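Please go over the structures that come below.
Two complexes, one shared chain (chain A), two partners (chain B, chain C).
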Partner chain A sequence: MSTRTAPMRLNLGRFVVYATLAFAVCFYGIPLLWLFVAGTRSEASLLSDPPFALGTWEAFTRTWNNLTSYNNFQIVSWATNSLIYSIGGVLLSLAASIPGGYALALSEFPGRKLILLLTLIAMITPSTAVVLPIFLEMNLLGLSNTYAGMILASGFFPFGVYLTYVYFSTSLPKGVMDSARVDGCNRFQLFTRIALPLARPIIALVAFFSFLAIWSNYFLAFVLLSDDKLYNLPVGLTALVSGSGALSNLPSNDVPIKKPEVVLAAILVVLPVLLIFMAAQRFVRSGMLSGAEKG
Partner chain B sequence: MRSFKAAALVGGMILGATAGVATAQDAVTLNVWSDTPRLTMFDLYDKTHDGVTLNVTTVAPADLIAKIQLALQAKSEIPDVIFMSDIGYTAQLSTRRSNYLMDLTDQVPQALQDEFYPNGNSPCHVNGKLLCLRNDLAHMIVWYDKDAMAALGQPVPTTWEEFQKLGEALGPKGYVLGSAVESFPLYSYLVSDGCDLVMPVEGKEDTVKIDLTTEACLKPARMVDTMIANGSLSKVGTFEPDFVNLAKTGKVPLMVGPTWFGEYVIKPTYEWPAGKLVAALPLKWDDQSQPLTWSWGGGTYGGWKDTAHPAEVVDLITWMATDVANQTEAVTLPAHRPSAEAWGARLKADSYYASPDVFDVEVAAAAFSHPGYTSLRFVVSDAIAKVVVQGLSSGGTVEGALPALQAELINLAKLNGYTFE
Partner chain C sequence: MAAVELNNVSKSFGPVSVIEGVDLTIEKGEFVVFVGASGSGKSTLLRMIAGLETVSGGDIRIDGKDVTFDEPSDRGIAMVFQSYALYPHMNVYDNIAFNLKLARVGREEIDKRVKEAARILRLEPLLGRSPAQLSGGQRQRVAIGRAIVRNPKVFLFDEPLSNLDASLRVQMRLEIERLHRELGTTMIYVTHDQVEAMTLADRIVALDNGRIQQVGPPLELYARPNNLFVAGFIGSPKMNLMAGKVVEKTVGQAVVELVANAAPRLELALPDATVGDALTLGVRPEMLTIIAGDATVPSGMTALPARVESIERLGNITFAYLDAGTSELLTIQVMGHSDLEPGHAVRVGIRAQDVHVFNAAGAVMTSAIQR
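After this line comes the complex of A and B, so read on.
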């Protein structure tokens, strides 16, 4: 009797799980799907056709040309700037986070707990709260409106320090470190020859999160940059979309940036992150799981 | 001592000569913050003026105030000239804390100021000072489909009462004459009879009149409620797909809209075929001697009051707003009369319109522009959206929302340092 009822319970359980997953996929996936479908459609189609109607290749290329040819391909220079800020910021945040997290996890020194506490506070402080002081500081140093200033400000990534601290505290076997010490490794060699090679998953994870934060950072670039040649993609595209009135119901101009171009611009901002995530998901997943099981 | 004096004299002469040479050779560089559509106009100035170089930056219109406040705070990267796409920015950039705008009252000759259409520069006058020059006009007129109106056998209304009657005749048949849930059209209906919906009091600084209890406010509110009830004013916005589909399928034979609606909404989005669209003068109430028409848009140029190059800044602002050759190529109706007359030739020759008098109608309607279309430190249309439009979506009426709107506007006025009457 019990062997007959068990599969029933299992099936019901599975049904609930799959139904929940299906709901989640629909709820979160449909807007994304719409975004990619809408990128192929014309303005008229966006307003008149069903939400998921596919556009035409001709409409897509026209939209692409409108977006990319604007102001001598300025969008390309914005994308290049985004890449420069992201790569520079990621390298800087890695250079600070990995040794920082390692030192906090494996060393005992005066003020360690205070630094950990400050890292946590910095992590939970909204970025908007520190943007003005950062702006004034950069301005004082003459670094506002420069690549160096943006990279320097983007490299501040306390979450990376905390992630690395958790990783090294939980995933690095003490025995390995002790053995290396017995074999004659000094502190620097311990870090470079033992810890770093074992830390590839966390490096990938910190790099990924840092890249994500810098690539999509609007507010910092908005505050630090007033030269549109230095804009990153989010600020540049906002200036373009907002100026053209494509979304604000003030379309009284001849700028060829309308709703389809706005959709395509959104895809352009999302796509690199999506591609990087797909390429790096093995590292990202292993980094996220590292430390989950101690010992 | 004598040799020191001689050396100082020679040194001074060399310095003076060097400075003179530098002034003669170096072009003045002005930092300009523009929106996207104005870039070509600034570029033209740059190319046609040898002594001035423009360093033009595109700034998102919505970010302009915050960016200028940051620049003022940092005392660096402050633009010399800006384009303001929102008329409210003039008031917001002339406060004690964000005191950015240059007073142009005595910088722009009165004769030139007089060349603007009546009330064209109203958004630039703040507390008696001229703080900017208007680029383009955007007053409300009547747009209609000539063939559709003829087929329906309906006369084109000239008064709001006739407009309401037209709605009563066409609404039940599924026709729509505009939107009731978009802030600007709603704003324009409400002030059409002189309702004191935050109107500056002349001669009194930072003083506004807010009184929505008068018949001048109640009458238009009742008209909108009646037209919503019979379906002739839609409960979706004019840019929303449902409305666009109605307009495309001939269910919007007539509507009240700004001067740029024909070229930038009806033609490209509603896709009315050529030879149908006609413009008519703004509507008036039976008891008015002439219409009183609100506006929807119209940008302005302003300059930094502490710029190192005030003469060049004034020249650039003046040129942008009044140079006929420049404004002839502008996208929307220039606020400067001689420029507008040159600009209008293009519209007169456009065979898309069913009548060549669209430009003449727009210009004639400019004479009826509401003097209360001025710059405020808070956004009245946002308050209308928050109180009235939200009320309508939950089954309320415009008339019923007016007391709450009055309370909201009084609060906003107080918060922004205005005295209200």
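After this line comes the complex of A and C, so read on.
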């Protein structure tokens, strides 16, 4: 070994970094861990055993059956709804964001700066602030309380337009576009044959973020949907909790939805996001970094 | 019929004018090189011919047809870019075939033409690779292959070799030269590298500030530069330029005093000069002679006392940089070895017939007589 290798020492800076990281892991990780463990336990175990005690397979399957079969498999249809809204909304937001961002980045037309500015404003406006106007609009169009209305409202994703704009204006090599023009691409082919195939990372990134936003959107669905058959998972979960009295301290009723079932429902909401993040992680990271360097 | 004709072509970005009234006719099969410093407008002019930049005034004809407002793909040109500009998501074969596919050429014909281009450029083993797996030289060959398959009327090259390292650049330069010989197609080539310009060009177009400064065969630009810009730009190391002033005038002749050590005087053939004119005199580094300390000055030479500042020995050639009291150091090219050392006091010999004279506006008044 070379004697010039610096010994691993725990200096103050390193200590602070690790301590902060450890704190963050505990602070955010422990509740999540608890959630997954609690899903396997019975109600009695939740009340008496230590917080991280593991439950049993029987307890888990019983809870699972109680939850899924309750009210004629209501939660399954909510999950399906969530999936429909998310997929529809993601497709819609992609269909709008990718060409929109491309046009803003690569063409000069009157009003381009204004549209960019409006996109930015729309992006930083809290989405909850526009829920009421969207509700009124959907009412006017007769689309409130429909799949189409919910998908249409979910597809509004200015952040995606902005992300795409940044990606195309920084990462698309100008020479490649010029070369494609010389080769005979018209404007449409420039987009479909050159820009789009090169935009895979940004498509993944926009899809990921918009999925995340739509899947966990509570307020929009709460306002737009009044028919409980159309609920998505977050709204359904709330309805389930308040309807069953599972988390209140009232005398027990005969509804089979107790604390374990509520925990399991919460896992159903969280799990797809976690899985998709793990699968898309590499894409998401490369998408976020790709603007930083020349292609 | 000329291959490319530019008639009073101009280009401006808002109030900023980048190309001003360019007139140029390029013959079929000619290899024309645009040279100039960065910002001279050479690339812009090429991109205007390609159709990648709009034209603000004048018109462009290719093969007799007015293409001023045509799309790049309708002009019968092919272009090779400095950045190679390969399509990263296609393999070499598809990169080369892309423009043929867009033009809806039949599959067999495409295959035939791609294979032919690959053969000419020795790319056959690489057809299945993606651009990321290629070296710089291979990428540039693919870019050239992409241009060849179109059978263009004109090839446009925009500094195609500047991203390559020195040895590869020499090799690719020879390859482009071979290509021009084999295909016989008109080529327009933009570079700031004057070695490329001198070696490749049938004619050089020297550009500065968006204007053509001089057009001609390389050696003519070297021997008889029209103005100070061309004099300073063509030739490496560059021509020595010295300030001077007309002090005496006879018929057809003028005596010019140099702004230099000992204010030497030269008698030059200058019919148009008047006493008091400020001039610039230019002498190529290989035309200056070093006269050792005690030797007598050969007849016909004017001696200029100087001190050696630095010496560059390249083996076959030695460059000496001397301080002679002129505004810039004088560069002298000595063939073979020289035992000069920094600090030596020497004299520089100038012959009147080797001097180019430029007036205050920079235009040539007299060129050196060719030996």
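Operating definition for what follows: the second predicted complex is superposed on the first by the 270 of 295 C-alpha atoms of A that agree within 3 Å, B and C clash if a C-alpha of one lies under 4 Å from a C-alpha of the other, contacts with A are read in each partner's own complex, and residues count from 1 in each chain.
As a convention for this text, a residue touches a chain if its C-beta (ideal position, glycine included) is under 8 Å from a C-beta of that chain, and two chains touch if they have at least 3 such contacts.
If you're wondering where the values come from, they're calculated on a predicted model, not measured in any experiment.
Annotation for the three-chain superposition on chain A: chain B and chain C fit side by side.
In the superposition on chain A, A:Ala180 makes contact with chain C only, not with chain B.
When the two complexes are overlaid on their common chain A, residue A:Leu172 makes contact with neither chain B nor chain C. Once chain A of one complex is fitted onto chain A of the other, the partner contacts of A:Ala103 are absent, as it touches neither chain B nor chain C. With both structures placed on the common chain, the touch criterion links A:Ile194 to chain C but leaves chain B unconnected. After overlaying the two complexes on the shared chain, residue contacts for A:Asp254 are found with chain B alone; chain C is out of touch.
Seen from the CA centre of chain A, chain B and chain C lie at an angle of 160° in the overlaid model, rounded to the nearest 10.
Of the two partners chain B and chain C, more chain A residues are in touch with B. Shared-chain residue A:Ala44: touches chain B; no touch with chain C. Using the contact criterion defined above for the overlaid structures, shared-chain residue A:Gly243 touches chain B, although it does not reach chain C.
In the overlay built on the shared chain, the residue A:Ile214 is in contact with neither chain B nor chain C. Applying the stated contact rule after C-alpha superposition, one finds that A:Ile75 touches neither chain B nor chain C.
When the two structures are aligned on their common chain, the gap between the nearest CA atoms of chain B and chain C comes to 51 Å. Within chain A, no residue touches chain B in one complex and chain C in the other. The touching residues of chain C, when paired with chain A in their complex, are 47, 50-52, 71-73, 77-79, 81-89, 98-99, 102-103, 143, 146.
Within the complex formed with chain C, the chain A residues making contact are 173, 175-176, 178-186, 189, 193-194, 197-198, 295. Put simply, chain B touches chain A in their complex at residues 33, 35-37, 39, 57-63, 66-67, 70-71, 73-74, 76-77, 85, 136, 138, 182, 237-239, 241, 244-245, 248, 258, 260, 263-265, 268-269, 271, 297, 331-332. Those residues of chain A whose C-beta lies close enough to touch chain B in the complex are 43-44, 46-48, 71, 132, 135-136, 139, 144-145, 222-223, 226-228, 235, 238-244, 248-255, 257.
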